[in-house]
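Next come two complexes, and both contain subunit A; in the first it sits with subunit B, in the second with subunit C.
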Partner chain A sequence: MIPDHLTILIVIIPLLGAYTTLLAGWVKRRFCFPIAMVTICIQFCISLALLYQVMKTGPLHYNLGNWLPPWGIEYVIDPLNGFVLVVLLFLSLLCCMYSKRSIVAEIEEKKIVGFYTVFLLLVAGVCGIAVTGDLFNLYVFLEISSLAAYALVASGREKKALFASFNYLIMGSVSACFILIGIGHLYIATGTLNMADLARLLPPLYGSPLIQSAFIFFIVGLSIKTALFPLHLWLPDAYSYAPSAVSALIATVMSKMGVYALIRILFTVFTPAFIIMEIPIMELFCWIAAIAIIVGSVLAITQTDLKMMLAYSSISQMGYILLGIGIANSVAMTGGILHILNHAVMKGCLFMVAGAIIYATGLRTIDDLKGISRTMPLTAAAFFIAAASMIGIPPTVGFMSKWFIALGALESGQWFFVVIILASSLLTAIYFWRVFEYMYFREPDMARQAAVAGANDPPASMLVPILILAAACILCGIFVAVPLEVIEPSVTRLLGGN
Partner chain B sequence: MIETFFQSLFLRYNYYMAVIIMLIGLYAMIAKSNLIKKIIGLNIFQTAIFLFYISSSEVTGGTAPILMSDPGTVYVNPLPHVLILTAIVVAVSTTAVALALIIRIYETYGTIEEDELLVQEEKT
Partner chain C sequence: MKQDVVIRTVCRLIVPFIQIFALYVIIHGASGTGGGFQGGVIFASAIILIGIAFGLPDALQRISEKTNTLLSCTGLYIYAGIGILCIIFGGNFLGYSFIPLPLDSAATRGLMAEIVEIGIGITVMAVMTSIFYDIAVKEDM
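Let's turn to the complex of A and B:
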């Protein structure tokens, strides 16, 4: 009985968890954290079970309220969203664990109840985006998770976070409106909102301006959500002024969700036949992604604030994922989807380290980190591993995805993008090397000596997630065959095979 | 040519208006420096989309979509209305979050004019 309903439970459990947290918070604030933790733990187990079942028996379909698909809402799980769900819930679990101690310093005590409630709503939203097979449902979940993200960004004591969150809200709402217009166009053209049904009904209409304008609205809307250059302006402030647990959460979970939605719309709703043959949009995508990769890296080099540097580096890394998708052959797509996992693991680890340093010393500019490796050895080591993975040094996981994307570019004869990937690895090395040098080989400044000398590795609840992610950077690189087992069938499905 | 333009203007009056209202909202969001006015712009923008959806559900001579005993009854498409009810809820919650943020911005900075806020942020 229950196993049939796992697909819907993955959305219902965090919603229930959110209300339970709110109610329990009235009784005692201490109850909130364990409830949130247990909720996400259960979801993570469910997502593993779902992925296992999908790999064994093929895609799962679930009809909400037993209404048959094109009329009712359908939830579908195939290898791609099974994989995305596992990655997202793994990261949410670690961010939740990390938040226990880190938010104590960053959020007023009375707001902790609200924090965990909204945290779970965000998780519910992103899980909903992952499982739904209905376009309008996707819009609603996108808005649930975005609204939760705006609130979380502004939840800290940092003054600048308020205005950053407001800008994020304006940009996010405009992008959601564009997506809504796109959905309206498709509904008017076909009379259905179900993704599989749309993919079936759209091909005869590919020439119509209605479909083409719908496509443009979707692309622009989702590009804002994924912060694709030049629509990234909301991202740096929102990521760097949010509380550190929230930075880690939205930089990994929210941004990956945007990419997932983009892949779904491009390949499942509009099918490769449309995006590759009908309008040569993928070429354009590759170029924009290439510009994003280079500009993001260059802007990251110019930053003095560690979290701000990581935020700009995110723009560049999202470029990699989109480049992999834009080249659109199976090797490069594998690299792009693998990079969803990689970037989540690496950037989660780096943002957590930045948060841990702020927690221990209160310092956030790169110049202030001189000599920090002596007093925070484990944190610095985790940073080193994750950054090495960012640069793409084998055997870390970052190397694997860059390798696949480069191979895919070679396969389709696009030499220029291989040059871009190599050049940006160099730029990434420049901005991370500066941080290594300060952390390992410099003496602290006189003014900062007391703060650096008095620092310690953060408490276990913050250190454990950091170390797990750092270990994942290496383990996923060595055992890359494990994620590839899931990614390869999903790429075949996206490109139109069985 | 001109005749067809006027014909389509009258036939598709709602859609033209939806586009115009949408652009007014977009203009307010970009050009106004007062944060409340930006939110009003956002609301105008969203309203235009609602108008667009609801216009699309119209069926000539259709009545309210209630199940009648006469099977030949023509009624308007109810689905866009339902979708827009949800979208209105989303719009209301967005506005609520935005206004809550503006209150906190006012408490912290003492102003809700964007240019003054940027000046104050530069200082810190």
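Let's turn to the complex of A and C:
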């Protein structure tokens, strides 16, 4: 009985967990963390079960309230959703584990109950986005997760975080508005909100200005959510001033959710026939992504703050994912979707390391990291592995996705993008090399000597997630066939209409 | 403001009517216009009116912050509970007609939808009120 309902339970369980956390926190504050942890653990198991089931029997459909689609809300899980769900919940689980100790210094004690409640609401939101097959439902969940993210960014003690969060709120609301207008346009034109139904009803209307403007609204709205280059202004502050656990969570989970929504709307709602034949938007996408890759890297080089550098590097990495999607042949798409996993793993690890250094020493600028590898050896080693993966050094996972994207670019004859990928790898090497050099080969400055010498590797609850992610960077690279087994059928499905 | 007899008297008169109207909107939600969200907001507006007219302590005396937290959770549990009850009786989530009541399917559906609306109304009322409390407390400081 239960296996049929896993699709809905993955959304309902965190919702129940969030409010149970609120109640339990009222009794005793230290109950919050175990409840949040158990909730996300259960969800992770469910997501694995769902992925297994999807790979075995094909897409799962679930009708809410037994109303048949297109009238009722339908939840659909295909290989892409299943894959994204597993990645997101894996990262959420590690972030939750990491948050236990890291938030002690960064968040006021009375806010801890609220922190875990909102954390679970964010997880509920992203799971909802992943499983839904209904356009308006997608918008609702997008709002739930975004509102939770604004609150989480502002939850720290850092005063600048309030401004960053406000900025994020404004940009996020503008983007939500655009997406809602886009949905409204489609609803006026077709009278339905179900994605599969839309894909069926839209083709005769492809020439209509109503549909084309809806498409533009979607693209602009989702570009803000994913922080595509010219619309990225909210991102650096939000990522770098948020508490470390939150940085790791939103840099991996939230940003990937935006990309997933973009892929869904581009390829499932507006089929490839529309985005490649009717409006040549993909070419534009590739160029914007290429600019994002280069500009993100260059801006990262100019940063002095470690978390800020990682934030700008995110802009460049999101460019890779969008480049893979923009080239839109099966090899490059595989690379792009693989990079969703890779970037989540690498960036999660790097942000956690940055947080661990702040936790242990209180230092956040790159100059202050001189000699830190001697007192925090494991943390520094994890940073080294994740950064090597970001640069794309072969045994790591970062190499694989860049390889696929470059192959895809070659296959479609777009040599220029291969040059961009190579150039950006060099730029990435420049900004990470600086950090390595300081960590491993420099003596601490006089003023920082005490702080660096007194530092230790963080407590186990923070170190374990960091090491798991660092190991994942290498293991996923060596056993890349495992994720590819899921990604390949999902790419075939996405490009199916071609 | 506390001394203003007109405001205090009018508030005392009008608050019960607002609350009854709120309940009407919630109950009416399943079969007509209205619903849990709208009703919850109207109910919260009655409490906010007390807060504005008589001061925050008076409002807190009627619904304290702890009660608020409890109510907001209760509402969600009612909603999710009904949904899961449907799963237990073999339907999908929120498939009301599967709940075995001695009524025909449409009546069961209506009744369950109303209970869910009440849950939503309770949560919305509690959250709206707590937003007001948070803002009001900030201004006192």
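The working rule: the second predicted complex is superposed on the first by the 496 of 498 C-alpha atoms of A that agree within 3 Å, B and C clash if a C-alpha of one lies under 4 Å from a C-alpha of the other, contacts with A are read in each partner's own complex, and residues count from 1 in each chain.
In this section, a residue touches a chain if its C-beta (ideal position, glycine included) is under 8 Å from a C-beta of that chain, and two chains touch if they have at least 3 such contacts.
Only a predicted model underlies this, so the values are computations on that prediction, with no experimental measurement involved.
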{"item": "Which superposed partner A:F163 touches (first subunit B, second subunit C, both, neither)", "value": "first"}
{"item": "Contacts of A:N63 with subunit B and subunit C, given as first, second, both or neither", "value": "second"}
{"item": "Contacts of A:L147 with subunit B and subunit C, given as first, second, both or neither", "value": "first"}
{"item": "Contacts of A:A453 with subunit B and subunit C, given as first, second, both or neither", "value": "neither"}
{"item": "A:Y187 touches, of subunit B and subunit C: first, second, both or neither?", "value": "first"}
{"item": "Greater subunit A contact set [subunit C / subunit B]", "value": "B"}
{"item": "Subunit B versus subunit C as contact partner of A:I12, first or second or both or neither", "value": "second"}
{"item": "Subunit B/subunit C common contact set on subunit A", "value": "none"}
{"item": "List of subunit A residues in touch with subunit C within their complex", "value": "1, 5, 8, 12, 15-16, 19-20, 22-23, 26, 62-66"}
{"item": "Touch list for subunit C against partner subunit A, complex", "value": "66, 69-70, 72-73, 76-77, 80, 83-84, 86-87, 90-98"}
{"item": "Subunit B contact footprint on subunit A (complex, rising order)", "value": "136, 139-140, 143, 147, 150-151, 154, 159-160, 162-163, 165-166, 169-170, 173-174, 176-177, 180-181, 184, 187-188"}
{"item": "Of subunit B, residues touching subunit A in the complex", "value": "26, 29, 35, 38, 42, 45-46, 49, 52-53, 56, 79-80, 83, 86-87, 90, 93-94, 97-98, 101-102, 104-105, 108-109, 117, 121, 124"}
